[in-house]
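Heads up, the thing below is written out as structure tokens.
For reference, chains read A, B, C and D in written order, and residue numbers begin at 1 within each chain.
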């Protein structure tokens, strides 16, 4: 319902903050973006990592050239269980559209446009249509490779980390995430807490993205995660899904966008 | 000027949030506490660690008995330079009153009352009266030992961490503090960022303590870091200072308080 | 020359410890294995991770079922520069045969047989035939996915780590490798040393594998990394290389081995 | 019996490697050192940290001036239980002589001579004479402070780490000791293994110190941890013990040694 709601809100002259994904198909997404554009309202999508202090610091070092030529991006993004519960109707979109889309956005934001997507996945035990764990390889236009791994059933809980490996140096983002910095040392070893879920992990980023939205509305400037970013990430997610279904590389066609 | 300001504010019927230390001498501190009490206003002091998520989680585990009998508390609390600049007039109090007072409060809050304080210190190179680095050993009434180390000239920057070692297990607080969770891997090794100062380190705690103050004012409940806590920590700091000056253990006299 | 040397040594009745890869093509490898078998000598290959304390401990926990169903294996294996220098003649084999072969062996050892290999890579800047960085996705017969990333030009130095993600819990191997446990804290952050190369990283494993070889020779027992393991890893490496060249998944045919 | 055995061995013309402590009283220790000297044999004592890669790397950086003026040394050295079992007869020496002596040697080795020792301790629950946990503050001749904390009953197991804080930077030794680099991630957090005992923690150092002894015997050179070091560490341990018993600082008299 996201795209439809965005369209109606835009027509009513409302600025819109929309959670990801903007849409489940590109057509609906494009209509929503056009509606916002035609109405002159601000449209921001909920790619909160663009506002997370860790990721922002990485982006800054990357842009400053500290890493050198980028060779590889690796993003791990895992849930303990589907955050919205089981999706028997398919209305939430596949793992690619529901989860990987965050990583697709980060791939574009940090490294650049993608030339081809290759996806591999395993289905859930009780529903062969439902992808549960996926490994995606992206080929960037600049020559780098990208690896994304996603799962909905990581026994140990939520995780979200990334690595940008370059010819000069390498960045690791979110390697030591912990909700509190408190270690318990017992006879069995040191026990270090891990984040329970994405809310706890990205708490600051959720606040910052909303502040950014308010600021964009106030000043009329374009949001850092806008409608076009939402469309591009959706296309990447759908390309990965098609690659998985058809067991072949899927090339991205940037000219058509 | 803290104590005097608290006294005047209390007489004017204002609730007071006062930064530590409440006073430089116990007499003035006691007058301020009495004034707040007489006026029926809320008096909270800025011991922000009592509101820091890491320390609060440790306190909870400690109170739940997870550590067993406490054997040792160790607090490291260090600045790169005096946060208020050099104190040529002595108006800011010694390192014991200006810095250690935070650790004295934590000692009481986490472990309990102190029986005796023993302090050792080195003076600054350019001002023999000014204590620059100190090692304090506390003997708790419950039998545990406490070690506090403070300095104003830690070259690597601000640090604030603690360990509670028990007969069953041990807690480590703040071991991995970093402003962002971003590592840079270079030929020279992994570079992990560290907090620049106490503001960055305790940002969340500063917000939480003010929220707590507002809540106390609203509901009339007693603040978690009140005037009596401020006095007790001050007495401990002054006992440490005396121990250092007179090169002998200084016993705390709780009956007199 | 490995396979040829193994063959001649076996015929001379010598027990053989052979560094990986056993051969650059399966035919030569099979002849070497057959020669060792016919001569009744011990043939061990240098897959030292099978003797590394970290990896062995992981294998033990995995076999004990602590991880639950395995969802994903991820191995990162990177060099700062080609360990044998540039290979203008192709005699050392591609990155897949020279480097990935270690990871292929670990994949089989830890998780099980592989059904299909999919490889993506980038060529070196000065020699389009020479693969420099690769991302490989393995599909295991048991249903799990495997990701291997390799490079010969990781600016920050040698790295070798792995993760086995399961439905119950997850294992991380070699996350904190450091030659000495010594941190330097400076104004710029904490500097943690990293291993310079594979010799430093796996020093203990190299000793243990040779001890194992001696023990096998002495007792006549089969080595933990034998000729068949060498052949299987080689086939996986060649399948990955073919997948990369032909831009398609390559299925492994275990019946033919 | 150490000192007596050393004396007899020396008289028999044998080179001697003696575990710490060399003696329980300085007189016996001095006789042993003199006997070795008179016989012209090599006498090395088991201060294995002087041969541990982590500590040696720290010593090197310290000597290179990387830390700047040393402000503080902190050594934590803890056992889960007395390594030799309960000492009902007192023949093993107090915690100061049995455990702290290692830390006293490190203090001298890393920082320099000590001017005064101040010790605080708690007795075991079942034997008031037996010190169980101690906090020792050393005042170095060069102006730095030293903190040593020891215990025989750390519930979580063996630990041995140190920090050298300087005006420029700070070194941390042994912060991340783990027998294997393998993390288990579960719903409860990340579980990191810790060393079980000093054998596991210092395995490499025990080998290196014996090699060093053999080398000294062979070449006739003086061992890096000789009889004088053993005596100096014993005097420091006894000074700490006296400080604890007499509740006062105990000055070290280097002229008399």
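The rule we apply is simple: a contact is a pair of C-beta atoms (placed from the backbone, for glycine too) under 8 Å apart; a residue touches a chain by one contact, two chains touch by 3 or more.
As the structure is a computational prediction, the values presented were derived from the model and not from experiment.
S.K.: Pick the pair with more C-beta contacts: B-C or B-D?
M.R.: B-D
S.K.: Going by average Cα coordinates, which chain is farthest removed from chain C?
M.R.: Relative to chain C, the chain with the farthest C-alpha centre is B.
S.K.: Determine the centre-to-centre distance between chain A and chain B, using the mean Cα coordinates as centres, and give it in whole Å.
M.R.: The separation of the two C-alpha centroids amounts to 42 Å.
S.K.: Based only on mean CA positions, could you tell me how far chain B sits from chain C in angstrom?
M.R.: 53
S.K.: When the centre of a chain is set as the mean of its C-alpha atoms, what distance in Å lies between chain B and chain D?
M.R.: Centre separation, chain B to chain D: 32 Å.
S.K.: By residue number and range, which residues of chain A touch two or more other chains?
M.R.: 155-156, 168-170, 185-187
S.K.: Hey, how would you classify the chain contact layout here, line, ring, star, complete or other?
M.R.: complete
S.K.: Per the contact definition, I'd like the list of chain C residues that touch chain D in the complex.
M.R.: Chain C residues touching chain D: 53-54, 57-58, 61, 66, 168-187.
S.K.: Once bound in the complex, which stretches of chain B touch chain D?
M.R.: Contacts found on chain B: 67-68, 71-72, 74, 76, 78, 118, 120-122, 132-135, 137, 139, 143-145, 147, 149, 151, 153-156, 165-170, 247-249.
S.K.: Sort out for me which residues of chain B touch chain C in the complex.
M.R.: 80, 155-157, 185-194
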